[in-house]
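In order of appearance the chains are A, B, C, D, E and F, and numbering begins at 1 in each one.
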């Protein structure tokens, strides 16, 4: 499982990095989204990968078998903040597009 | 726990937060009310941080650890007030008063929700200064950043939006690095509390510690982006110079937040123990590169705004270098330098707007956009509430000269005192008989060169601005705009005159930082409030 | 007022005389920065006293002079305040008892001199001169500071007395040479010694009183003052002799040589000053006590005659309107008294007997012929001294002869010069009288004071010296005679040439230090800086992000590499095939997203949604249902948000204008490589950390106490609202402030011109409707949404109920305030989707700002509530309450906190969505405005 | 709280397995159809297999399983079925209508006419081949 | 007070399905449902007049049966689609019902049933365009829609 | 016995659903037109939801129900917005 998850994280990171290095604002925002998926999974993963364990307290199940709730809480916060910043970046790229007339990240008007 | 005064620790976060929320209930048209509430909040913050500083440096053994939610240390989030955080809080509060007063002349009116965002920026800053928890630090970092995005974009216009986009993109990337770093640290050390982490480091087995260090490295990059280390700093001059004047004025402390965190964490985590000295080289060389780049940029800047922006880099570079050396005496001087340069740069950013008014491209852009957008719900900036100044040019000139003197580290203002304090520790009486090493020579040369560059650049700019303009119209400057600038400059003067006590405070601060045990024990030994019935809080039901 | 101040300080200084005679020292100690040995220590000894007298005395005279010199139009108060400030700083240098304090005053003189030189800042020459002076002396000041710091390092104190007492230690220390070099850099720049001399002539654009003060008695004297001050501890070494001597001798000759060829009166005086300072420096370099006596004596003398000469030049300038010696001539008939005074003063400058200049020059000659250190420098010194002296005779003669004698002037800007007011001339009178008195009866007039000064510098080393005008016919006298005769001859031979020649000496005319300096300054501080900034900086986003990514990568992997980290073996076991299959899909979708994002935005968005979905499934698979729900909801809202934005982005078509340059190809390849290594690195680290045995984490505490003390079974939620509720408070603040930013920014939003039109689809559909008589505008969209909107409307209460359910469940089961808030927002969003903005807002008055405010307030108030029970902020309380009808219900303050979260999330999300949605309406208004404008125009 | 799967009566297990396989089988068939059918308008029929009895089967399986295993009636899966049934048509309707519009605008033939004279719309939407479909 | 009693009832049912039946949840469910219906009222939707609401189960049964049938049919078509066993086509059906809710129900029914898809409704000539996967007998399709569904719907929604 | 039956049924069901998801994503890649991709996403959602339910059966936990419910109830919102964008070029008018 770890291998699959790690590979998935790596691939999303790679794709995200590639995209945020592109010149178009839309590519950047998509790249940031991919990166935040990767990072969220990463945070989640550091708590140890456990399948098929109860995610909430259940009587009679020893606590040690439960999934680590801390990374989950962190991911939740990260998701929310990621959502907020994505929205913000979107609006800023729109504003930039409106003011410069182009969707280039530097406001340049080249066809690349 | 000493009753109500103990809750004072959290006031720097709560006051602006509650005020920000309250401000949302007022219409944009009730601007005066909003401004007054906002101003009151910043004044309260000054009072609170003064009180905290007093208490902190006072004689009685103040318990500066605040257990949020009454959870014991590594489990809940703690706020920690020590000499360093108290100092930063005060600095932030002072800057905020100045910037806010400045904004009341016109800037607070050119866009929506200025005051709310301003207050939330303070929430973020103060929270970051106070928190003793890594992830909570992330959260407050984000609060601060989010507010800073809004404030940077405040007033809109192509320059701001472009700068804002770059700023946001880079900082979003930084936030991701932050998360990676924090989670790596949690995954390897099993804790998020800084003190607990510091205490755990010696017990972490090597394999895991390596990963922990990798996490710390990634985390460090996030902070270094904020602090503006070369080559992660290119956004900074652009963003700061594009921001409206009061915003840039308060931004002056944001890059210092990066420095603050690095200082805190390196002293706490890597001061001693198996990971001691981790990353010091990076800070040293990065600082050198930053200082060189900042200096070059200061020289190369035509626009005052960029000059000021690069001055931020110079200041950051200097501080990073000192952090890389990690010598107590030098660090004390560096703290003084931090305070002085923050005050200076803040004043300078606001001053620039006044000086350039009339020939200011930003104002023209603003005017154009205001006209083109012609939104009914957009309010014209109100001019004329307040009194314009007599002898404007003279006062502006004096302030400008003061900024120049401060930036280049010429005597007698605090810029000099601070540089002297650092240099003296490196090669003066602070290092009697120890011949300066090659590194020290490099540092000294760079510090001096950066001062020279500032001198050259500031005289060039000053002459161009004040003396060569062809019968330039005297800018319309309101009293409430120049007073904040003068206030900040006055603070540097006060810092100069009171250099002795100030330096003593810095010394104490650095001394307590270099003994992380104090911090660690304070946090780990802080006990939650006992229950009503006197039983400690391990009881079910209520706690 | 200014005069009174100057006079008062003069008197005060004078009154200290009794205390400083015979090596007495007056000290005042004030603490400033005691930790670092920087104290406000003032210390006056004989030497300082003499200098202070000079400063205050000449200061007073200059003030008196300036009172009449300055025009009514000039802002005089500024002038006098600067002048007095300068005087104060200069006095400060002299009486500093702490070397750092000295350097403080040192830089202050630079700053005030800058302001004084640039006093007439409308004049470009004044600005440039001032700037150059500040740059050179300022840099010198920094060097001085370093030197002094090094002294502090050697001695262990910045106290002047301690330093002066540690001469042997200093000279023997390995840091002696660097300290010396830096201190000399400070002193030589200030005293305008070669090769830093060029700023002084350019500073002549200053008002003449300033020149008279700064460039005769004070500013430039600071440098030699410093040399004298540290003479006891620094001099007497080979390095000292060479460095100081070389600079001094070259300056001495070169200054005098340049002075001869100046056409500007003040220029001549400036170069002569340089030369005389060179003389003093040379004297000091010799390291002999007698030479030092001569140096001190010459400082005083030079100050008196040079100040008076400057003032005289000022009067000439004032009266004739020019200082160009080619235009001046025969002024004696108009200005007889001034002329006489000037003649006496220049005679003193030339070293004519019976004047003070002669005495010190004699002493100089006497020292020059002595042998101090056997070197070429020493051997040539007598000849050089004589030569320079001859030059000085020549230029002094020229000054007098050209200006006051010869035919009456023809083309003066002010045709009728006449004697200045009585009081304007008074300072010159006084100074010239002083020259005469000192020159004739030196032992009585200046003797005691000089002795006091010398003793304080040399202490027990004070040599025997005699201040008489006649020492018999000796070598110095012969040298003087040669110089006088030679100088006169030289002048006579050059007279013709000088009457018409260009400014500056013949051969070196084009080699102007000033020009070189300026070119270098522009080159280095401007062109180089700019190209460096461009080369090592960027204003584009992509390189910045590249750096961020690259450094992030290095920061993560370099520590691992350096510490020799080894990951565990890769384990393929334990992989759930379905999970692997799903992620195979996810990986493909991620690649697809990356591939399509440029030209197929919608497709990329769809695939991104797919990736998000798979992330969400992963969360479920790995036992984190809370995350899954939140991820899903966020995914939905984000998709809609991006779609709302997509409308305003430019159309992008593939294949057009696609000519990839080699550079672009390289860039792409580099980015690809970076992306690949980052991906691999991330995989590596993720795998490493995930396969590592879990450490003893704080999680165990949460698992154990979530129910017993947090009152919830959903540990994640208990962490969010209780254990780490403070994070959540911050997190909702982020969301709130972002919403406000979005709102504020969109109020100013104006789409690009090519997005202003209606989308093409709508135009087609509208024209379709318009073309048909039986249809009315908007029928198509109404029909289109007819069925969906009915269903979406009926879903509204259902989703609300569901939101309440998610909210209520949060503490025990997956859910919570955040998810509930998003759910409710989606309910609102659906209504906007179904009916359009107007329809929805006609029916639903959502006040997002209120929701947000209430949210933060509720959450904060919940936290503050704990205070009243004596607990810290956010301490939660939990208990079961017995309610009628319902029965036993859990009631936790955390729920209230979560309510705040809920409220804020609803407000923020709706605010963002609505602000974006409103653009479609706003654009109609903008279009209308534009249309109206076009009609008008 | 819950019994383990092994404690479940065999008939219930078989019933659960049956419905589960029916449901997921239909979903798979629907997906296959979605892949294989040649035109867009045909393709939209296929996924409804999944959204109708595909869901039905899985929900039934789940209801039986949880009812039996927890010993009390568990019906909340019904809600999922209801909501999917109600909401999926919205998507399909909107999309099909959009496709219709695009085909008409581009003059792609094979769709019932509501003629209009406008020019084709829609780049930027991710088509690789606008002729097909 | 209760603008949409049936809706309120259904919401209470939903609440109980979600939370399980307890007395507390009943009370809570009522509160929530009333609140949600009140929120619904603010949207001012066209209020459907349910006349013969008791026919709803009948409709429900019919649809369920048809869906099973067409599931099998469509599955067969898909599995044999290599041989092009079906004959897809468009179908225009004039409708008599006007009530939007009723139309919506019809649309949901037709779309949920595999093999038929609701494409567009034209409010001017009140026709609906359908796409049918296997249109062997156009008339039979029309008949099913008009008589099997629409008639029933017209009875339910007067 | 029951355990074997259930386990194998759930495994097969999961694999079938995963295959269905794969096919749906294939459509998302292949298109050819935007509407195909969007339906692909919708199908992906539905199958993912079914997968969650089978997962719940497999683990015997009701805890996954909410996630499935959210998918079933709100998953269509994204696709509706996409569809509307396709039709009108604008999501909210």
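FYI, a residue touches a chain if its C-beta (ideal position, glycine included) is under 8 Å from a C-beta of that chain, and two chains touch if they have at least 3 such contacts.
Values in this document were obtained by computation on a predicted structure and should not be read as measured data.
Relative to the C-alpha centre of chain C, the farthest chain centre belongs to E. Of all chains shown, B has the CA centroid lying nearest to the centroid of every protein CA atom. Pairs D-F and B-C differ in how many C-beta pairs touch across them, and the larger number is found at B-C. Look at where the CA atoms of chain C average out and do the same for chain D: the two points lie 66 Å apart.
Here the spacing of chain B and chain E, counted between their Cα centres, is 61 Å.
Chain geometry summary: the mean Cα position of chain A and that of chain E are 39 Å apart. Each chain gets a centre from the mean of its Cα atoms; for chain C and chain E, those two points are 73 Å apart. The set of chain F residues that touch two or more partner chains comprises 14, 19, 21, 31, 34, 37-38, 40, 61, 63, 69, 73, 75, 80, 84, 86-87, 89. Residue positions of chain E with contacts to 2 or more other chains are 14, 18, 107-108, 118, 120. Residues of chain A found to touch two or more other chains are 20, 25, 28, 42, 45-47, 52, 54-56, 58, 70, 77, 81, 84-85, 88, 92-93, 95, 99-100, 105-106. Listing the residues of chain E that touch chain C in their complex gives 4, 7, 11, 14-15, 18-19, 22-24, 27-28, 32-33, 35-37, 39-40, 42-46, 100-101, 103-104, 107-108, 118, 120-125. For chain E in complex with chain D, the touching residues are 14, 17-18, 67-68, 71, 74-75, 77-79, 81-82, 88, 90, 92, 107-108, 111-120, 129, 131, 133. Here chain F touches chain C in the complex through residues 11, 14-15, 18-19, 21-22, 25, 28-29, 31, 34, 37-38, 40-41, 44-45, 48, 51-52, 55, 63-64, 66-67, 69-71, 73-75, 77-78, 80-82, 84-93, going by the rule given at the top. Across the complex, chain B is touched by residues 20, 25, 28, 32, 35-36, 39, 42-43, 45-47, 70-71, 74, 77-78, 81, 84-85, 88-89, 92-93, 95-96, 99-100, 105-107 of chain A.
Interface residues of chain A facing chain F in the complex, by the touch rule stated above, are 52, 54-56.
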